[in-house]
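A quick write-up on the structure given underneath.
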Amino acid sequence: MPLEFEKPILELERRIQELKETAKATGVDLQAEIRLLEERLAQLKKETYGNLTPWQRVQLARAQGRPTTLDVLEKAFQDFLELHGDRAFADDPAIVGGLAYLEGEKVVVVGHQKGRDTKENLQRNFGMPHPEGYRKAMRLMDLADRFGYPFLTFVDTPGAYPGVSAEERGQAWVIAQSIQRMSRLRVPAVTVILGEGGSGGALAIAVANRVLILENAWYSVISPESCAAILWRDAKEAPKAAEALKLTAKDLLAQKVVDAVIPEPEGGAHKDPDRAIQNLKEALLKTLEELKGLSPEALYQDRYRRFRRLGAYAEP
Amino acid sequence: MALERLFRRKRPSGGGRDVPELWTKCEACGAQIYKKEFQENLHVCPKCGHHHRMPAEERVAMLADPGTFQETTRLRPLDPLGFVDTKPYAERLKAYQGETGRPDAILGGTCAIGGVPAVLLVMDYAFAGGSMGSVVGEEIARGAERAAEEGRALVIVAASGGARMQEAALSLMQMAKTVMSLDLLWGKRLPYVSVLTDPTTGGVTASFAALADVIFAEPGALIGFAGPRVIRQTIRQELPEGFQRAEFLLKHGMVDRVTDRRRLKREVVQALRHLHPGVPYAPGV
Amino acid sequence: MPLEFEKPILELERRIQELKETAKATGVDLQAEIRLLEERLAQLKKETYGNLTPWQRVQLARAQGRPTTLDVLEKAFQDFLELHGDRAFADDPAIVGGLAYLEGEKVVVVGHQKGRDTKENLQRNFGMPHPEGYRKAMRLMDLADRFGYPFLTFVDTPGAYPGVSAEERGQAWVIAQSIQRMSRLRVPAVTVILGEGGSGGALAIAVANRVLILENAWYSVISPESCAAILWRDAKEAPKAAEALKLTAKDLLAQKVVDAVIPEPEGGAHKDPDRAIQNLKEALLKTLEELKGLSPEALYQDRYRRFRRLGAYAEP
Amino acid sequence: MALERLFRRKRPSGGGRDVPELWTKCEACGAQIYKKEFQENLHVCPKCGHHHRMPAEERVAMLADPGTFQETTRLRPLDPLGFVDTKPYAERLKAYQGETGRPDAILGGTCAIGGVPAVLLVMDYAFAGGSMGSVVGEEIARGAERAAEEGRALVIVAASGGARMQEAALSLMQMAKTVMSLDLLWGKRLPYVSVLTDPTTGGVTASFAALADVIFAEPGALIGFAGPRVIRQTIRQELPEGFQRAEFLLKHGMVDRVTDRRRLKREVVQALRHLHPGVPYAPGV
């Protein structure tokens, strides 16, 4: 499914392709025309992708084919062994996690998991966890602490699931507990916002020493649609809300909510997932290297200070 | 976040405009109550027991020992994102400040509660639906720090529609900040008690409010993560009777006690006196 | 409901009562006859209660009117504040707990709770906890550790509930976790077996530095009825199983499974609950006094050693 | 406890008496399988994949690296209570010892597993239904102690109907003893992996087996606290399809992985190599 704002690009690409086929089929030399159109295409891409609006980025962050946690685990890590279950109620497919190696270093990983097609999306509840998902995450935090291995998380959720069963089983409580558990880690913790960073359901596994974000990902207290529905009383005003919420990587960096932005290939990570994942891996390795010298206690204090200073207010 | 409620009913507490000034009307049973009696009864309907919302100052008066409260909250909000929806955030803030006479949605300070030295923080639903932005987050973190430094218990009365949307990600970060600040109390074995009042939802429930050593809820209070409207839209069904009310939360193991406001101070004191290591047993206190 | 083996005693008591009424109503002097019967009654009681079989004790341990955890909390402790819920799924009425004072000392308490009548028994599931009951207990263990207060438990359960929902929510897992959590306490932990100590469901909150038991309580790996059903293939052989299981207070003391026996009034604790609770209180105070000097680490080690040495085997 | 099963079917593994010695019959699909093939296929039916019970020695051979296993289990059971039901416990013990050639229901020792130094303990369902009495409890505690002392991982293959009734309360105490012994591994950051095989119920599930860092279960294995018969009697209903099977446990979050026995060693090694701090990454091991 092409995104609305990409349609002119796709249209141009289609025409170039047609010309090439015509040239091949008829033997007519269309080199010059093709070159001209390709230049125009490059220009159009630069204009479009170089000036993305926040709302366009939100759409890219949700694009089909964008790398998910499992894609990252498969391609940037070695020997991922998925572990399941919260030891109390269920295994939540909307959060995955387990043991892996990053360039040979032992790490424990957790991430939201969206489906890669409609069927998988249903099974994974569109990446919206229930309480048991966060309990699984906490169990893996325990494991990371117990063995002293870095704890890495990948955030990609519209939000924690807002349903009756989730409320019954303490969605608010488990998010609070997960924030607390993660903040207490005595190992290096690094989070990457992969796609959507929706509210408390994202933060629950994002209380890290360093929070990185992919160039077109978003992270905020509410989705643009819900924000628009409340403040503008019309979900269709989401583009305005996306603008107002300052939810893009660059904005978040300015607010110090994230520590670094990971570049994406032109047109978004889904256009070249391997490249995006390679960029992500390099950023992760660099970040882990920075945290290497810190003692368990220093890691805790570093994380405490990181979040302690966030906010904007005036002394009286 | 469940700020939606705020936009449907702006008044923090009972009282329509069709009854004379001296009287107020119970939201639940419609009984006409003499305002003075209503206030003396802590905004609980003497007829049906319905717990109405209560101004932050009266909360303080109800919990702090007389003459001990020293206000400490004074930070002022900024508009870090230059947020504008149908109205600029800066204007909204001014209006709330005018209505409540408070810089932001929290009133707090030091006091004694049943003789136990405490930091008491009360959220004010009348200010932007008690939403948590940078000021609320910072005041709570400072409250926890002060409690730890001065050997005080921490008591927070929560009332909130959730996070302050107009501060976006910075508002979200207050969830982490407030939760982390509680660690200081752990280090010193100081107790933390929270009281969940109507309503407590969103990022406030999902952070400091849920992590108290002892959690009280007021009868009938709406408490949860997602707001009822959002849930109804998600599941496209009517919500079960009593869903997300304090009694439902008790049944589901989320709160320690659902306590009538008229007994609340007594029970809070009981918990504080027990858990605060510096306070010895005294029968009947 | 009188127990079968007590019927001769009750019959004699009834006859004495009748004689007294007759004497009063008619003015006839029956003093001598009454005294004779009263002597016989004392003798009969001594014979009966002095030679209780294990199965008779099991019946006393289940007798209506026997002190429950809440009775003990009300009468031996001050200012009990009950705390509810496991912060994850439900509040289990089969386990109660909270904050209390024992002679002015701050303690955290947990116990199984049977109903005191049929209606309450249904509500409390006959003292058979679900996983959430043990999670509540663990939360209170956390609280005791966090504040450094002694942790006291009262055991009175036929066993953890053997039902579908309990299995679904990890009955085995939560019992294991509760054993582990309790064993790791850094505060003094004392358990009193009040009535029935049924298997893992009892042990889950009985991993204490000192385990006390009321004189007629039982504690074993299986109830006599279930044991009989399996080994004798007939639940009616429960008296034989009760004998074979060596489940009485005295037997358990010999096996070092318990550390002390708390005497009950003649005929069982339900005949004079106040006296039984007074005995219990004295035993608790004495036991806490013994543990007073130990450091947090020493308390952990003491508990470890206590359980480490239990068992009977031969080196090759 | 779920010893009941033992009394219904005493044979530990496939094979009725109506097929010739060289052949065995799949319990699930009834297929005739050449015994040697069956054994080489780790007692998994090549036709339907059903996992049959497996002798303890073969478990060791399957998991330990060739030539590395040194048996350490040798304690002998006593009859501390002089227990007699329809037969004296002492006689039962002799019979089991005769049948299995083992002093009690556990076989264990030191070995390497995928190059990781380990203590491997395998419960033997053929001995008194794999029930845990004093010997099993003590061997597990000693195994954990040895692992901690020698810097080894701990791997336990569970198979048990529960506690050993004939040791009554002493058998119950083994639950606490085994759980507590695991703390020694925590202190040294040594991993503990458990494998739940058919059946694992009662006091074994509810103690050490449930507390591993990583828990594997074999496909179709019955795993739970109460035995199915007891539950059926309690609720007076038929049990749901698949209830208490490994896949059910996975769905309910109790085990990390349900792993085909033919891939089990590979996955156990993967977990051990990752978690054992002394073992570096080696691709493809």
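Order of writing sets the chain letters: A, B, C and D. Residues in each chain are counted from 1.
Everything that follows uses one rule, which is that a residue touches a chain if its C-beta (ideal position, glycine included) is under 8 Å from a C-beta of that chain, and two chains touch if they have at least 3 such contacts.
In UniProt terms the chains read A, C = Acetyl-coenzyme A carboxylase carboxyl transferase subunit alpha; B, D = Acetyl-coenzyme A carboxylase carboxyl transferase subunit beta.
Everything quoted here is computed from the prediction, not taken from an experiment.
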{"item": "Pair exhibiting more inter-chain C-beta contacts, A-D or A-B", "value": "A-B"}
{"item": "Longest centre-to-centre distance from subunit D, chain (CA-based)", "value": "B"}
{"item": "Separation of subunit A from subunit D, taking each centre as the mean of its C-alpha atoms, in whole Å", "value": "42"}
{"item": "Distance from subunit D to subunit C - Cα centre to Cα centre, in angstrom", "value": "33"}
{"item": "CA centroid of subunit A to CA centroid of subunit C, Å", "value": "54"}
{"item": "Of all residues in subunit D, the ones touching two or more other chains", "value": "210, 252-254"}
{"item": "Subunit C, residues touching no fewer than two other chains", "value": "87-89, 135, 168-170, 173, 177"}
{"item": "Residue ranges of subunit B touching subunit C (in the complex, touch as defined)", "value": "186, 189, 191, 210, 213-214, 250-257, 267, 270-271, 274-275, 277, 280-281, 283"}
{"item": "In the complex with subunit D, residue positions of subunit C that touch it", "value": "160-164, 166-173, 175-177, 179-180, 183-184, 199-200, 203, 207, 219-222, 226-227, 230-232, 240-241, 244-247, 252, 255, 257, 303-304, 307-308, 310-316"}
{"item": "Subunit A contact footprint on subunit B (complex, rising order)", "value": "1, 3-4, 7, 74-78, 80-81, 83-86, 103, 133-135, 137-138, 141, 163-177, 179-183, 201-203, 205-211, 223-226, 230-231, 234-235, 239-240, 243-244, 252-254"}
{"item": "In the complex with subunit D, residue positions of subunit A that touch it", "value": "78-79, 81-92, 99, 101, 104-106, 132, 135-136, 143, 146-148"}
{"item": "Residue numbers on subunit A that touch subunit C, as the complex places them", "value": "87-89, 131, 135, 169-170, 173-174, 177"}
